[in-house]
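In what follows, structures are represented as structure tokens.
In the two complexes below, chain A is the common chain; its partner is chain B in one and chain C in the other.
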Partner chain A sequence: MAASMGKGGVTSFQKKSRTKTLQIPGTRPSSHGNQLLVSTGVPSLDHIIGGGIVVGTVLLVEEDSFGNYARLLMKYFMAEGIMTRHPLLLSSAELHPKQLLRDLPAPVSDDIGKAALHQENVSSEKNVEKEATMKIAWRYQNLRTEQPELGAFSQFGHYYDLSKTMSSEMTDTAPSRLFYLPDELPLEEQGMWNGIRNPAYVKLLQSIQDVVREGQFDLTVPQPKDMSRTVLRIGLHSLGSPLWGEQDGGTSHDTSLPHFLHALRGVLRTSLAACLITIPTHLFQDMAFTRRLEKLCDSVIRLESFAGSEKEQNPAYKDYHGLLYIKQLSQANSLLSYMPDCNDFAFKLRRKKFAVEKLHLPPELQDSQQREQDDPVAALKTPSTGCFSISGKSKLDF
Partner chain B sequence: MLQQVLEGTEASSLVVIEDCVDHDGRPVFHCFCSQLAKRCESVHLFHLENPAGVFLEGANISKVQSHDGFSDPLQWEEQNRDPSSDRIDLASALDFLGHLKRTPVKTSPVAVVIDSLTPFLQNYPGYVICRALQRLLRARLESDGIEVSQVVAGFHGDLHDDSTAAALRHMATTWVQLQEGAESPTQGGAGFHGNCEVLHRRKSGKVIRQAEVYHISPQWSLTSRVQKAPVRPVAHVEQEAQVDPTANLTFNLRLTDTEKEARSRVVLPYMHHHRKKAPNKPAANPGGQIFYQPDDVDDFDEEDPDDDLDF
Partner chain C sequence: MEDSCVRGQFVLISDSLTDGSFLIHHFLSLYIKGGWKVCLLALAQSFGHYNAVGQKLGVPLTQAREKGQLRFIDGLKCSLQMYTCAPQEGQGENPLRALRDKKATLRPLYDLVKTQICSEEGVLEGPTLLLVDDLSVLVSLGVSAKDVSDFMHYCRVLMCPTQQGYCRVLMCPTQQSQGAIVSLVHKDADVEDEENSTLFRHMAYHGTVHLAVEGLSSGYSRDVHGQSNLY
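Presenting the complex of A and B:
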């Protein structure tokens, strides 16, 4: 009987099941499906997408205009992977992945290293005593002997402090494979490419398949039972930007990127891996191309930041730094995806934390505009599902 | 902001100056050339639309290395087909860094000025330019022997479509869009001036968008200042003065201080009444007491009509 992984780690509840469920640190079973979830690193984002990223699926983040917040989400994802000891695969075309890894936010609790050390020492001692069977308290035979501390590697969803960076020992010792496009692609292929498939995407797909095969993440290959399994975290930063060879903003009917996403999903479905991709879709002129990419990924969120736009001065948005739209949620192995209770989310980046919240409009105070068209707060009150226009009071309104 | 980027107080790795037919970008370019010649050790000028002399007037020529793309870009003449020469060949693969490496470089860091990206964009797709610019920007001393501190490129906004502009804007750390002005110099050498909108991205992630006015002196030095944005009617709410209802009346509605005090002392009805009548009435509900004061016309019957109810 397998012990189920609760939030604190050890529970006495044991599910009666014949097959041994996978116990992987850093993951937890989904509450509304037979799926395994990994955390994105931002607990508030985890909550709105249904608990986390489902293992075997792709979370697509459509970048904001300058890509800052998408890069931050990628850093959180990688930091969470280091904290939970998941191997990483990070690819990027503009800045070197090593630079990205050097700048990860530091975890909040300080005794991470101490907890890990303590656990290893204790488990080595207790191994000797395990053979003696309990005579009186025989019900407790199968429970683990020591309690993991809070902040140990089995916790789901850590908190990070953005003002500090993660120590280089942690980032250097983490198993990771970095894919930097200018280094991986030979020089003659770095200019114009002809042919059907973009060589950059072909190379990236090959390296992902190699890592999945070598790291034994493939679920179709039978593994020895007592091998400890772990989840591979794949982060593809700023895919589909011009540096990847994407031409004409999607209007040129080039199918390399949809083909890559389709093949990537095929690899992920049969392996223990979770993927976070950021694509700068604001560079694509063709909306249909963006929609195709969204359909090829499992969960899609879009970030819209207020930096440099006229929404920055809007008093309704003064507490937030941008809006977050959930466009699609994953439906792997189930008929229905997770349904969030509201669809208006905003994010704010404070000095130490990045958080996603429900968008609350400020209260309408007495000194609002005389004309409702000019009032920015009233203009936002339009519900997205309203069937009648709110702008201007019609004389036919009762 | 434009002045700070020009002088180097604001670090910016890729500056793109977008101009159009009405507002020429050449004076601003000239300022960048002369300023970079003073600031950096060596400047590489790729000129494709104008002869080199247009930008080098008044600058320190010894520091400037020009790559000629103006006289024979497509290599029609036999004598220009020497690959080791300085000429830019639009028919071969695009590689800015290769050009830089070919000239013997003694010093570093290096600044690169590209007169216009338009001839390149007409011959290659947009992503090739982006990749070539990126190779320039990430050239490092150890691996390539050269390090580029700043790249300034010109871009004609009315010759290219939005997707190309968007792709370049995504890469650029400073985007200067010239909007008005840039009149031709008068005989007295009054210089140039005009408006521009600057979108600057700092390394920390902060984005600054400002509308500015710039002025270029005859000695090719640029000064700029932020233009005050016109007041938007939405942002400023006129506080209407609350109309005093007691003014302009034929009768007096105001109270003096003594009158106000007397008003506060008035006992309101039903506040704390003493029961005047029916003392024998039991306190039916101890939580709340009922104080009944019958009038003269009230028919107060001692007999309780509910007494005959039988449960």
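Presenting the complex of A and C:
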């Protein structure tokens, strides 16, 4: 349903009909298939997952051990939503969503400048500046100097500065619905539940459905043609953590979260919404459970941070803060998912920005490598060159 | 085209660490073009998805659905309804009652499939294909492997009655099986998922053809997506 409304047109047999593209600011059609994409807020991440999150699908982020980077991705996603004026729905069980929203990265200043310019009246601006008559390009004299449609909010993907926070007036005026679990569901109901459905997840799904219905994001309900549509951004932070009532660390027999994800897919496929979910899968004991959750989401990436692990000292990783694995990419409305040309990515968090890059091994590591038996390069299973000189050296040393 | 749609086959597609659902699209377009009646039990994706891919492959699914050649059972919608309705109301007609009620089986789902493809006498009219996408979703949602296996057994008896080799002598020779089944099961090699493995073994036993789709043994490559074996 989402595809038939959002894609570039009907089949090639009907060339004369009007194209049914939805022009929604802040989105763009995918080059891979006829789908609408929204940005995650991190342009390098958008690039590796095929352009962005497909509208109507779920991007699952498997959290790193401390949850910092996943929380950062959620903040970027929400900040991008505010910049593009997409309504937000943010849920969280531990941190109050308001606190998350208060700490969003600020957009880089020239974007704010553009946004401010858009809000001014274009005609008053024209009156202020002197119109020198053009001598050469006199044909263009009467055209407007400013195109009012192109404001910062219709741009796809913005750049943010992590050292500053977004102004509270921007976050307060953004349309958002916050779901904080202790407020929505009293503690008695959360604790022990028998039966198949976790009431916390049911409550969350019902509020998602309510927002979709009230905000007119539902594609099955016909809307008047001239109504401007927008995309709902749903962020579910740290779903499946023990605070949501996951018992036994998620063994295969617990079907509450898989059923929630399946039902969520049913809602999203017929709505103009994109969803980012972070789940602390490192807490689950059973890998099969994690695999089932992955199959029920459309795109999956996993973050692994180096903090506190032995990889932190590894010289091959010295520029980076963690690794990013793409486990699955969205196949919705197409025969195949987007195929990246490599699967080794690492991320780094600088003072001002978070970026994802391809992991390149340096051609040769330094001689300061003390312990040959922990050969880091041989341990990395990447197809890059450069391993052979190091392993040759260690053989000779023995 | 007609020759490649074989009757009486139970085809099992399994995928390991990759996605075998492209074969579902392939079989769907093959049988629709071949003029068969198709019942698509869609548990993993919405109708829009199959339609979008079908348009690229040159198979107009919306028209097939309107004409009645394609019967679509929307599993996502039934599952959503089961999830959000209150315990007392709304469970009556939903074919996926087993998701809420531990004592129920997939019998209502089988009844729905039967009403969709059979005539009033309960017999298949013309060549019919049952396409199930996919069975592992049922397991993930909490249905036991045994219940899914029973459901598929009933479907197989409905669609391909002369399949059991040892019974062929006893069956009336004029009864030519009209139907075929294609279903998909996920079988990831790196993860130990007992229910899924049990389900896979049962399906492999029932099936006549097994298409295994997996990634290349040498690792990830952009241009060649994987390999598939036929058993």
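Everything that follows uses one rule, which is that the second predicted complex is superposed on the first by the 312 of 398 C-alpha atoms of A that agree within 3 Å, B and C clash if a C-alpha of one lies under 4 Å from a C-alpha of the other, contacts with A are read in each partner's own complex, and residues count from 1 in each chain.
We take it that a contact is a pair of C-beta atoms (placed from the backbone, for glycine too) under 8 Å apart; a residue touches a chain by one contact, two chains touch by 3 or more.
What you see is a predicted model; the values in this text were computed from it and never measured.
Student: Regarding the shared-chain residue A:54, is it in contact with chain B (first), chain C (second), both, or neither?
Tutor: neither
Student: Which touches a greater number of chain A residues, chain B or chain C?
Tutor: Per-residue touch count on chain A favours C.
Student: Regarding the shared-chain residue A:266, is it in contact with chain B (first), chain C (second), both, or neither?
Tutor: second
Student: I'd like to know which partner A:232 touches here: chain B for first, chain C for second, both or neither.
Tutor: It touches nothing on chain B or chain C.
Student: So, does A:307 touch the first partner chain B, the second partner chain C, both, or neither?
Tutor: first
Student: Between chain B (first) and chain C (second), which, if any, makes contact with A:283: first, second, both or neither?
Tutor: Only chain B is touched by A:283; chain C is not.
Student: A:89 in the overlay: touching chain B, chain C, both, or neither? Say first, second, both or neither.
Tutor: After superposition on chain A, A:89 lies in contact with neither partner.
Student: According to the stated criteria, A:296 is in contact with first (chain B), second (chain C), both, or neither; which is it?
Tutor: Only chain C; A:296 stays clear of chain B.
Student: From the superposed pair, tell me which chain A residues show up as contacts to chain B and also as contacts to chain C.
Tutor: none
Student: Touching chain B in the complex: which residues of chain A?
Tutor: Against chain B, chain A makes touches at 66-68, 94, 182, 190-192, 241-249, 251, 280, 282-285, 307-308, 313, 367-369, 374, 376.
Student: Under the touch definition given earlier, write down the residues of chain B that touch chain A in their complex.
Tutor: Residues 93-95, 124-128, 130-132, 134-135, 138, 162-163, 166-167, 170-171, 199, 201, 205-209, 233-235, 237, 239.
Student: Which part of chain C faces chain A closely enough to touch in the complex?
Tutor: Touching chain A: residues 19, 21-22, 25, 45-49, 51-53, 55-57, 60, 76-77, 79-80, 83-84, 99-100, 102, 136-137, 140-142, 186, 188, 191-196, 219-220, 222, 225 of chain C.
Student: Give the list of chain A residues in touch with chain C in this complex.
Tutor: Per the touch definition, chain A meets chain C at residues 1-4, 7, 11, 33-34, 196-197, 202, 205-206, 209, 252, 255, 258-260, 262-263, 265-267, 269-270, 287-288, 291-292, 295-296, 331-337, 339-341, 343, 383.
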